[in-house]
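All chains are identified by letter, namely A, B, C, D and E, in their written order; residue positions are counted from 1 within each chain.
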Amino acid sequence: MIFLNALIQGILLGGLFAMAALGLSIAFGVLRVVNLAHGEIMTLGAYLAYLSLSALGLNVWMSLLIVVPAMGVVGYWVQRLMLQRALRLSELSPLLVTFGLAIMIPNALVEVFSNNKKPLPTGDLAVQSITIVDGITVGVLPLLTLVVAVVLIAGMQLFLARTKMGRYMRAAADDSDTLRLMGIDYRKVYAFAMAIAFGIAALAGVFFGIRQGGVTPFDGQLTVLFAFEAVIIGGLGSLWGTLAGGIVLGVAHSLAGQISPDLPLLVGNLVFLAILVFRPTGIVRSKVAA
Amino acid sequence: MSESVSTEKSLLEVNAVAKSYGALQVLTEINFAVPTGQAVGIVGPNGAGKSTLLSVINGTERATAGSVLFDGCDVTDLGPEVRARAGMGRTFQIPRPFTHLTVFENALSGASYGAGLYGKAADEQALHALELSGMLDLANTPAGKLPLLARKRLELARALATRPRLLLLDEIAGGLTEAECDSLVETIAGLHASGITIIWIEHVVKALLAVVDRLVCLASGTLIADGQPDAVMSSTEVRRVYLGSGI
Amino acid sequence: MSLLSAQLVSAGYGDSRAVSDIVLTLAPGELLALVGANGAGKSTLLRVLAGAHKPTSGSVWLKDVDISPLTDFERNRLGISLVPEGRRLFASLTVLENLMVGAGSGRVGEWTADRVVDTLPMLKPLLKRNASRLSGGQQQAVSIGRALMSNPEVLLLDEVSLGLAPIIIDELYESLAVVRQSGLGIILVEQDLSRTVAVADRIICLLEGHVVLQGAAGDLSHEQITDAYFGHSISSFSNPELTTEEGLQA
Amino acid sequence: GSASSGAEGDSVIKIGYISPVTGAYAGFSDGDAYMLGVVREQFADGIDIDGTNYSVEILDRDSGSDPAKAGELAQQLITTDKVDLLLATSTPETVNPVIAQCEANATPCLTTLAPWQAVVFGGGFSADKPMAWSHHYFFGIEGFAGVEPSAWDQVETNKKVGVLWPNDADGGAFRDPATGYTPFAEEAGYTIVDPGAYENGNQDFTAIISKFKAEGVEVITGVPTPPDFVTFWTQAAQQGFKPKVATIGKALFFPATVPSIPNDLGDGLAFTTWWGPTFPYESSFDGTTPEQWISNFEASPDGADLTWNQATPENESLFEVASAALQASGNPQDKAAVNKAFDTINMMTLAGTVDFTTGPLQGVATIPTAVGQWQKTSAGEWEWVVIENSKIPNLPVERSIEPLN
Amino acid sequence: MTTLTAASFRVDRYQKRALMAGGVSAAIFVALAAAPYLLDPAITSSWIKLFYLITLATMWNLLAGYAGMVSVGQQAYIGLGAYGVFVFNDLGFDAYSSALIASIAVGAIALPLSFVAFRLRGGYFAIGTWVIAEAVRQIIIRFDELGAGRGRSISTYTGDPVFRNLFTYWLALGILALALIVTFYLLRSRMGIALQSIRDNEVAARALGINVSRTKRIVFTIAAMGASLAGSVICIQAIGVASPNQIFSVSYSAFMIFMVLIGGIGTIEGPIVGAVIYFVMDFYFSQLGLWYLVVLGLLAILVTLFLPKGIWGAIHERFNISLFPVGHRIVPIADHIPTKVLSNADV
């Protein structure tokens, strides 16, 4: 029973990892941008949510209606103004640009909001739970996170595989110059994709913030490695893989915790490395991209 | 000519080689041997498996079944770098230049490692390869700045720099003007005359015929013709799947 | 009225010039062949026409419109389609998806995926395959098909038969002949001189970025062209104005 | 650099002050701008020592919460700026590297705001090998373990205590079987249930919660980081784990943590405290009491957007003690004399009494602690009240602890 | 056009310039080694940081700029180098020899780790190395003797602060010299060509006879040893490790990337320039608090976007100078061959 409970909690945790990883997966897997600032984008999203809470008096869920589009716009322009140019320069350039952002964002946040935690209250949602059988209770918020992650992933996967825009996004990553010869301004395609990536990252940031009761400027640094691991375990370019990767990681953490509480992070990392040694392309072979 | 060749021992032997990517069977049971000093041409429809065969021979791809013998040794499980040092030089159909190195340094790479030379000897070998492929005038140009056809010539130069005993060429004549093509044919013929064994994939059949002693036609992963170039060219099957009525 | 024309176009890379003061015109339904030695500037010229390379001077006109300020994707939407040197497929997309992206200009017309597959039957079994897993020739075929998908008025083909089996080249040229009938203009870079002379209406020969010879295909002898490759007979064709006039009247 | 120090070097005392103004531990220093203003004002006329008036120059530096940077800065201050005395504060990450440089470079050093065990043992010192040039004052494990059990005693429990001790400097010191927390708790009749060290940044506390549930734990204590504690506490509520009392160090030092816990779950959490508005302390500079300090702080422009916290007065007290020691030294530029002078310090400061004459070890002084509990007022404001004062008898106790519901 | 023949050319490796560079560098190093006697040791000891920064940047450049392995996990070896000092110090070696012995031990650890890391390519490799570094940290903090999560200090070191600083200074300088010499020699040797070939195209490199994994492995190990030595210097200078999180912090990788890219990746001079810039900025501006970091981030972005070859790259392009030439140039022997035949003859 304890084992089963740990497994279930691990899967739920995986939902959170997958949600955090989704935006990264789009940037990394589809656009080939290793976004070192992904964690900071999440944090920024959570701060925006806090702002809409405190300035506009919205509740957290309503704030998403502002946060996600707003961060989408940010993503659009970060891509147009910075990453676009960087991508044409060299493989390393986007890495350095996002690294620059990763340094700038949290420090600027401290200047503006101080180091103190800014709350993201959701009433009792955060602590509500459903008892399935004795010894197995499922938190409502983690469950909601998992469900949202799955819905988002399914939606994105369909979008990328089935729609024109999705195809253009993948094509742009392969050869943006040639895409222009097909009559498509890849800059817009790319920027649109980055807008989605940023929007989803912001959403994930808000969920992380809710889970921890609020947000502090350096929160993003903790989560970004989990997100990267989930993406890579899952396999580049495959969004379902990202979900699977998140869950594998979550379960690894949870089960390792059963053995000893100092093991989860280490075991998570070792599982990641082991998967890569035995299956360097990730556990899910992508249908969308090679 | 082929009589004198057939008495020599085989430099390369391909035994029952098969290659598949997942469910897709690209090569089925290929058997063929190339005696030392022979120049073999390979033709065949697009997607027949020619480049794949070349990759299996030089080790860039692993065969799913069968074995490859080079100079009497089983090299099936050896990596391409070992085969290169043993004397296999190869060009890639889609060029893979070292873009940040100069043309000379590209060739030097082959001379230093494939031919196993050091210092001055490596330099000379690299220069020699550039001369043979007519690239001396571009020696100091970074390979990334070369246009497509120059990149293809660079492929040849690099392969030659490894001082190969077996030279594997994949479509190097395409896109050349007639005069350029003639000089390329002259170069390859010269290499052939100097005793280098050659396997040459080419759709510019005219160029091929000017050099090779033997012609092989590959279609859908199997050899459908193998023999005297004239005979292969006039085979109805080859005409049907590959040449069409044009030639 | 000419379909496409270039006026005194020059372009280069950094400090080096690749093409100088090119003047050319293309009539509807015409097949113009561009020949010249390696590095003569053929690809550069095509890229300038398609808007993929910025000229240092000169202008490009589509019908009566100066399209010089337009970018490559805008020109594509107006009906100029380039099959670039080196295929340049979208490696992570399937063949069918590559074709569908080719229709990105939104121009509708007779070219659909079905029609492309009919014209290039070797693509039929490959539609679901990833473009990264194609042989060289298969890639070339997809690249051509993809360009057709935009239903162009002007088709720019760079080394189009490179890597294709002879039988496929035959079929390809047959279909090019068919497409032309609908008024599509084609500029073709092709090294096989006998084939070029056979299919082209007009031939322009480039040498180190300059037009050194041009004329109706039937009027030019094999020797004249090969000589022009290496500049032996520049003197007899050194008056660009004159040849341009001829070209315009043709 | 060298020219200026020669000219008026004799009558200037240079004090280096290193604190984490930025980075992960910036919360400890966010009141420093105000605090340094107050201190500089105190030193505006210099200090008179043995009839000589010395002007005082404070060189404040930001460690960025980075130990490497803290060490570098200490070295720079000692060798390049040639400070007479170094002060450092807030977490072993800033304090320990500074002490290491002072020890190596024979420069007097005064530090606070880090559990003294983590400073002394963590820095490789011991009773046999005491710090030679450094003095540190703050409470240590006994500051928690000495008062928390008496707070728990106020509630009926089964005396089983679950602990959250991460694998970091603090957690390690708490877990030490000889010098750690357990002996205190056991003496008070409590049993420790230690699920083991977890990593900071852990995302899933299920295993720890299950263990607490299985063992029937009714009391929680520990020194988790703020995000870890919020994660733990939220998951505990989701998974139906409800202890009767929780006294949490570190995470609850900062006033922003508790209000951020979802669904008012922070209501009723208790924590060890060393300073607050009602503490019976006063500044040796000008007699400022904690209550006055808070109102001055909140009225000043530097404190405008900030909530007061317990770290700022602690940092201020460094300068009070430094000033006293410099005066006692007779010659502030004689490093050995200054160092020796610290051993004689026993004084009241804004942050309480600092007494180096009776510390647990040479160069270490401890300060007393009490226990506070968070409550949400009917007006919806968060505030905390003192519920235990055994170690600070003059501290008024508002009420006894209320069990968590 | 006359046909060119190989016999009319020779290969120029800029021997003269290389020799000169070697001579000048040697002189600089001698001067630096003597500097503590001439200047205030207090001034020179602050250069220790500069020395280890250049070492780190040079090593990362070798790894990423020449061998194409973009690692964000070099902090693994920095940390191991630092902890290695404890291990060998505890075994009775003095701190300085411990640094050298530790680097060998770290080399022995990096070698097997390369088998894991080399399963990955490109972005995967970058993240994979980061995870390896995290895992290494998490394993190190399981050892109580090494201070677990608390960090610890060196138990025995030179007591006299002046001598300690001097020894540390010389150690850092020596390591820097070693790093530069190894890099320069490696790149001028035939392995330099092999490395760059691998970076540009692995498949083609193998087909030309280059043993890709072995070559990469050698460089990976050298870079790990270099990082280890730098880590030891960091540890000795701070007389210990105050927190494992810090010594294993990914920000080391971030700063290596920053230095190398600002200076100019794929050149020997670039990382030196980048490290000096970072050092000066850090020295003068780090006390400006957060704004300094925000500016640092902004600078990283601006240089990437508008000076993509880095500062040295721009200087090189503009004035065509290279202090440490590693390339090859073909020059005509006979003077009758017009130099114009060779395009870009003076790259």
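By definition in this document, contacts are C-beta pairs under 8 Å (C-beta built on N, C-alpha and C of every residue); 3 or more make two chains touch, one makes a residue touch a chain.
Going by UniProt, the chains are A, E = Branched-chain amino acid ABC transporter permease; B, C = ABC transporter ATP-binding protein.
Only a predicted model underlies this, so the values are computations on that prediction, with no experimental measurement involved.
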Partner chains shared by chain B and chain E (touch criterion as defined above): none
Centroid-based (C-alpha) most distant chain relative to chain C: D
Interchain centroid distance [CA atoms averaged], chain B/chain C, Å: 30
Centre distance in Å when chain A and chain D are each reduced to the mean of their C-alpha atoms: 36
Centre distance in Å when chain C and chain D are each reduced to the mean of their C-alpha atoms: 76
Sequence positions of chain D contacting 2 or more other chains: 22, 167, 197, 199
Where chain C touches two or more other chains at once, by residue number: 133
Chain E residues counted as touching two or more neighbouring chains: 138, 290, 293
In contact (per the touch rule at the top): chain pairs: A-C, A-D, A-E, B-C, B-E, D-E
Of chain D, residues touching chain E in the complex: 2, 21-22, 61-62, 64, 66-72, 75-76, 79-80, 82, 92-93, 96-97, 100-101, 103-106, 118, 122-124, 166-169, 171-173, 197, 199
Footprint of chain A on chain D - complex, ascending: 22, 24, 26-27, 30, 167, 195-199, 201-208, 210, 226-227, 230-231, 234-235, 237-240, 254-257, 259-263, 265, 305-307
Of chain C, residues touching chain B in the complex: 13, 35-39, 43, 85-87, 122, 126, 133-138, 140-141, 159, 161-171, 191, 193, 226, 229-230
Residue numbers on chain B that touch chain E, as the complex places them: 58-60, 79-81, 84-85, 90, 92, 96-102, 104-106, 108-110, 112-116, 118, 122-124, 127-128, 130-131, 136-142, 158-159, 161-162
Chain A partner contacts - residues on chain E that touch it in the complex: 64, 70, 115-116, 119-120, 122-124, 126-128, 130-132, 134-135, 138-139, 142, 254, 257-258, 261, 265, 290-291, 293-294, 296-301, 304-305, 308
